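Next come two complexes, and both contain subunit A; in the first it sits with subunit B, in the second with subunit C.
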Partner chain A sequence: MTQRRFKTAYFVIPAVVFMIAVYALPLAGVALQSVTDADGGSWSLAGYRDIFSSTLFYKVAWSTFTISLLSTTVSLSLAFPLAYFLSKQRPKVRAVLMIFVLVPFWTSVLVKAFAFTILLGQSGIINDALAFFGLGPLPLLFNKAGVIVGMSHFLIPFMVFPILTSLMAQPPELRRAASIMGAGRLRIFFRITLPLCLPGIMTGTLLVLILSLGFFVVPALLGGRQDMMLSNLVDFYTRETLNWQAASTLAVILFSFAMIVAYTLARVPGGSSLLGGQDR
Partner chain B sequence: MTDKRSADAVTSSVSRRTFLTGVAGATLATPAILIPGKAKASEQIVIANWGGAVAEAKKAAYYDPFTEETGIPVISVAGPELAKIKVQVQSKDVEWDMVDLVNSWVTTGEELGLFEEIDTTIVPMDRLVPAARRQYEMATHFYAGVMCYSEDSLPADKRPLTWADYWNVEKFPGRRGLRNRIGETLEIALLADGVPPDQLYPCDVERAFKSLDKIKPHIQQWVAQTPQTVQLVQAGELDMCYTYLSRVYGARKAGVPLTFSAQNHLIGANWMATVKGTRNKSAAMRFTEFFTRPDRQEAYCNITGHAPAATGVLDKLNADIRPWVPDPEGKSNLILDVDWWSGKDEMLTKRFKEWLLT
Partner chain C sequence: MVKVQLNDVEKRYGPTVALAPTNLSVTEGEFLTLLGPSGSGKTTLLNIVSGMTEPTGGEVWIDGVDVTNVPSAKRGLGMVFQSYALMPHMTIFQNIAFPLQIRGLPREEIRRKVEDVLELVQLPHVAGRKPKELSGGQQQRIALARCIVYDPSIILMDEPLGALDKKLREQMQLEIKRLQVQLGITMLYVTHDQEEAMTMSDRIILMNNGSAEQIGTPNELYFQPNSSFVADFIGQSNLLDATVAGEDRVRLVNGEIITVRHDAPLSHGQSVKVLLRPEVLHLREIDAGGNRLDATIRGSVISGSTVKHFLELDGGTSVLVEELSNGTNAAPAPGDRVTISWSVGQARVLPA
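== the complex of A and B ==
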């Protein structure tokens, strides 16, 4: 048994080598750069000291956190019903509907941002429609609302797929059996469908949350002056001032933050599948 | 790309130009060790520029005529970035021989030693206006930052003309936009507070932030990307915004009813430099000289409407483009000073971003 397990280890060697070369090594380089001074010579914690003593960092970190959490919540609440609906369709219909789920991937961010301006703006389609009924105008652009709409639009597919996979993996016999035993539809949903779907929800949530921590173009284009993300600062230090120590420091902090999020999610019910554990 | 170029040179009828492009392609594909050191045939210039209409104009006015005259092919690649230049210089593997630069990169690049000094025995810098001459870079042309508005939404008497007007929200009501970066915004704030352009440098930073405090509640959007500056006015989300003259020109040509104020322009230079350690330094210097020629400058500015960097060219430009060309000599106009910004960019950006968040 152990021998067979050991033998299959050879199959992962290409993937391991690849990941070490293109992921682990550069990441180690970034971590190293965050603790060495600008000339790459001596050790220095100045990068961390500067960042932790700057109010800018705390403010931006807070807005990064709230924006990520909000857009994840919105994505989840829109994606779950969508995935549930898709899971109930015949395979052919589902294949067609999936194309619509993937549409957001096919347009560039800048083009989408312009489209959202036309849709959400003060003289945009939504506010024009509201004005027709004597309502509005609602402030939908250049604030958090704009950011959340723009980000969720991109993130929903990442939420739909893991949830859909997990819903489709559920044996229909379970629900049939529960129904025979006299459970109502609501009870079946809350006692069987939803708990069995938790690993999918957790995977989707983690994926979306970590992706949104790294967003910066959408908040810059659709947000207001306060919707600044940590990635904006990384970008600024990397490309404008070439202060790569500060950029690396921020990247390490963001990475650690994402790791903490992943670990925390793995502790909640249904989440242990994220770390390879068995769900009970 | 490379393979296709070399293949073209072999299969199609071989003119001198296509042949040289083919050679250039082959050179790119050859490992460095096989390239003979001094062979003239391997000379070429890879220049990183901003792409788009400006790159097209440069190709027509400079790149193609240069190849015609010298036989040295010019290959343009899109998207210069200071970070990438730094990596190329540090790793001694220079892929871009020359680069186009924005204002804020000039002094940072000089401090890091990323550029070759301009060889003044080859390049007659006195053909250029003084503001275009530096030890390591030359300005190829000047652009203008202006305020723009839609002719449809603002009648002529409701359009602010100076930055002081722009700050006057009672007299000139409307939704306003500024950029979400401190460069240029700092200067605008000082002009708005009544500092005369010729006394603006060295900038009074405290006064600038006090002036920004006054306009902050009235700014609808701190615009992130340059295309947005005209797009938001066009879409009716802003009534007025800071943008660039060339953007207004582009919008007008596309039939969008945008207009701009003829006063209080911020005149900035577009720079070009040779990357430190390039194998094609002598070709790069000849290319730099080519850019100083008045007839080439005239051809370029007639296409784009930018202001020429060479002296005596401004008055020769076509009459129809003339209203769109910024005037560095204009009394109310400010010439942006890259040296004042040297070493202050990071500190002021931090302060500005913090200010935006509060």
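== the complex of A and C ==
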């Protein structure tokens, strides 16, 4: 590292101090707590043994995993066409449309979760409308459907932004050149637009997947008993049973899980940008 | 054989006329250049041919087919962009193979063609690299190779060398010209650099304000410009204001009368411009026929092979004289009185 590059390191000191104080230290505390026995005395892996032998953990881990994957898939499949559409608009139109993407982004997730209970409930707007046509009612609340709707709604902007950015960064000449060479729309999309947008898709997917792994409010308010996620289980241990060791252990497991996801995605083609690599 | 034929094509953006109705035909194997200042409609004309801009009037014919309403992808053209437009995620091989895959060629034939064309542009060793691993000039050659490889009926280039430095640009001009001649490529080329146009073109269309000012060979544009715009744009020129003072004679603003050459008949008293190329002027009297003017030296500059003398005619008009330098040119000092002269017929009358 050259002298000059090193000098700018001063600028990050405040952020580093802040992160150490409010993030790294507490996290280390949690990690430590997960490997000491309940009385806070000697080293012990009892916490992990208990967690890994509890069927509740596997059930919750599995539902965390499936819910995260599902809401990421839903977000991606809704966000990509949206980002693609936005990228094709004139700048002014796009700026206006972006507001609609940003509004849910600016609204508290708690407020939105309550709003969804009104929308999705047994006598909510959707089921009322269905009843009007003699249909339904559909079970949309206090189950996986509710959780995924609520989570995706929150997560879509996180998916739209990186994808839109990478779509907009593509020079329009590339598509024009391909078109003049005789390429049709589908070929241009699959051979040029999509591969060049892969880093954006990867960034969005990672962001959304990791955010969903740690979701708490939405499953608590919109999910049923079956749809508990790991964060809810952590909450359960700390508030209901006051089992801090189990809670810490779970937190460490969740953290490691997120790390593994990030690392795996960074290995996928187009994903190296996640770790600061240059993909093109 | 006519490759491209434009019949009265025009393009308007609201009240702006980007291209006034223009007729043009490009013959097979010809290197035709659209030359002109910024905003003169060169890109507009090129893009009407490529199909990226829809004309507001007229017809575009390519290879005897009316393609006015045919999309770019179906026109069978090649185009080289100033930004090269190589696909950053593909290797050089994949980039060049792309148009061949579109045409559904078998794998083996694609491989052979790509290798051949890389040989042709003298970059056989870069097949496995990504575009960003090549220099600007190399990327440019790959962009050209990607066109050549599928043998389009015409190759369009919009200021392809604009991003390169002067030396590389001159090298690439010769390279492109070599390939164009060797392969018999029909080329429609855009540049605003008149030297580039003169070096490469079989014919030049000089554009001005959305219309073709003059179409001709580089020689015609240089020696027989039909307007002062053309004379001014191509090469260096002295354009002197004058009025017609009789058959073959005009009177300059300072009252001097000189003999001129002209194509169109002149009417007495008409205002005209007299074109005198700097290199036809001499700082001594070479002709007793009356083609001489008195002037004062304002300064001289030696630029390698030539010496430029900046003069002021009696009456205040500035004139540039360019002579070959031979190291022994008697260097006149500023303020010296001189007589400039030229052979009869070198002064051309243009409409004012």
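As a working rule, the second predicted complex is superposed on the first by the 248 of 280 C-alpha atoms of A that agree within 3 Å, B and C clash if a C-alpha of one lies under 4 Å from a C-alpha of the other, contacts with A are read in each partner's own complex, and residues count from 1 in each chain.
To be clear about the criterion, contacts are C-beta pairs under 8 Å (C-beta built on N, C-alpha and C of every residue); 3 or more make two chains touch, one makes a residue touch a chain.
Remember, predicted model here, so these are calculated numbers, not experimental data.
S.K.: Overlay done on subunit A, so just call it for subunit B and subunit C: clash or fit.
M.R.: Subunit B and subunit C fit side by side in the superposed model.
S.K.: Applying the touch criterion given at the start, work out whether A:Leu196 contacts subunit B, subunit C, both or neither, answering first, second, both or neither.
M.R.: In the superposition, A:Leu196 touches subunit C alone.
S.K.: After superposing on the shared chain, does subunit C or subunit B touch more subunit A residues?
M.R.: Here the partner covering more residues of subunit A is B.
S.K.: Does the superposition put A:Val111 against subunit B (first), subunit C (second), both, or neither?
M.R.: Touch partners of A:Val111: none, neither subunit B nor subunit C.
S.K.: Where does A:Ser179 make contact in the superposed view: on subunit B (first), on subunit C (second), on both, or on neither?
M.R.: In the superposition, A:Ser179 touches subunit C alone.
S.K.: In the overlaid three-chain picture, which partner chain does A:Val96 touch, first (subunit B) or second (subunit C), both, or neither?
M.R.: It touches nothing on subunit B or subunit C.
S.K.: Report for A:Arg187: first if it touches subunit B alone, second if subunit C alone, otherwise both or neither.
M.R.: The second partner, subunit C, only.
S.K.: For A:Ala15, select first, second, both or neither according to whether it touches subunit B, subunit C, the two together, or no partner.
M.R.: neither
S.K.: May I ask you to decide whether A:Glu240 touches subunit B, subunit C, both, or neither, giving the answer as first, second, both or neither?
M.R.: First partner only, subunit B.
S.K.: Subunit B to subunit C: minimum CA distance in the overlay, Å?
M.R.: 48
S.K.: With touch defined as at the start, can you tell me which subunit C residues reach subunit A in the complex?
M.R.: For this pair, the touching residues of subunit C are 50-52, 71-79, 81, 83, 85, 87-89, 98-99, 102-103, 130, 132, 146, 150.
S.K.: Quick one: in the complex, what on subunit B touches subunit A?
M.R.: 81-83, 86, 104, 108, 112, 175, 180, 219-222, 224-225, 227-228, 231-232, 235-237, 345-346, 349-350, 353-354, 356-358
S.K.: Across the complex, what residues on subunit A touch subunit C?
M.R.: Spelled out, the residues of subunit A in touch with subunit C are 171, 173-174, 176-184, 187, 191-192, 195-196, 279-280.
S.K.: Can you check the complex and tell me which residues of subunit A touch subunit B?
M.R.: 54-56, 59-60, 63, 110, 113-114, 117-118, 121-124, 141-142, 220-221, 224-226, 228, 233, 236, 238-243
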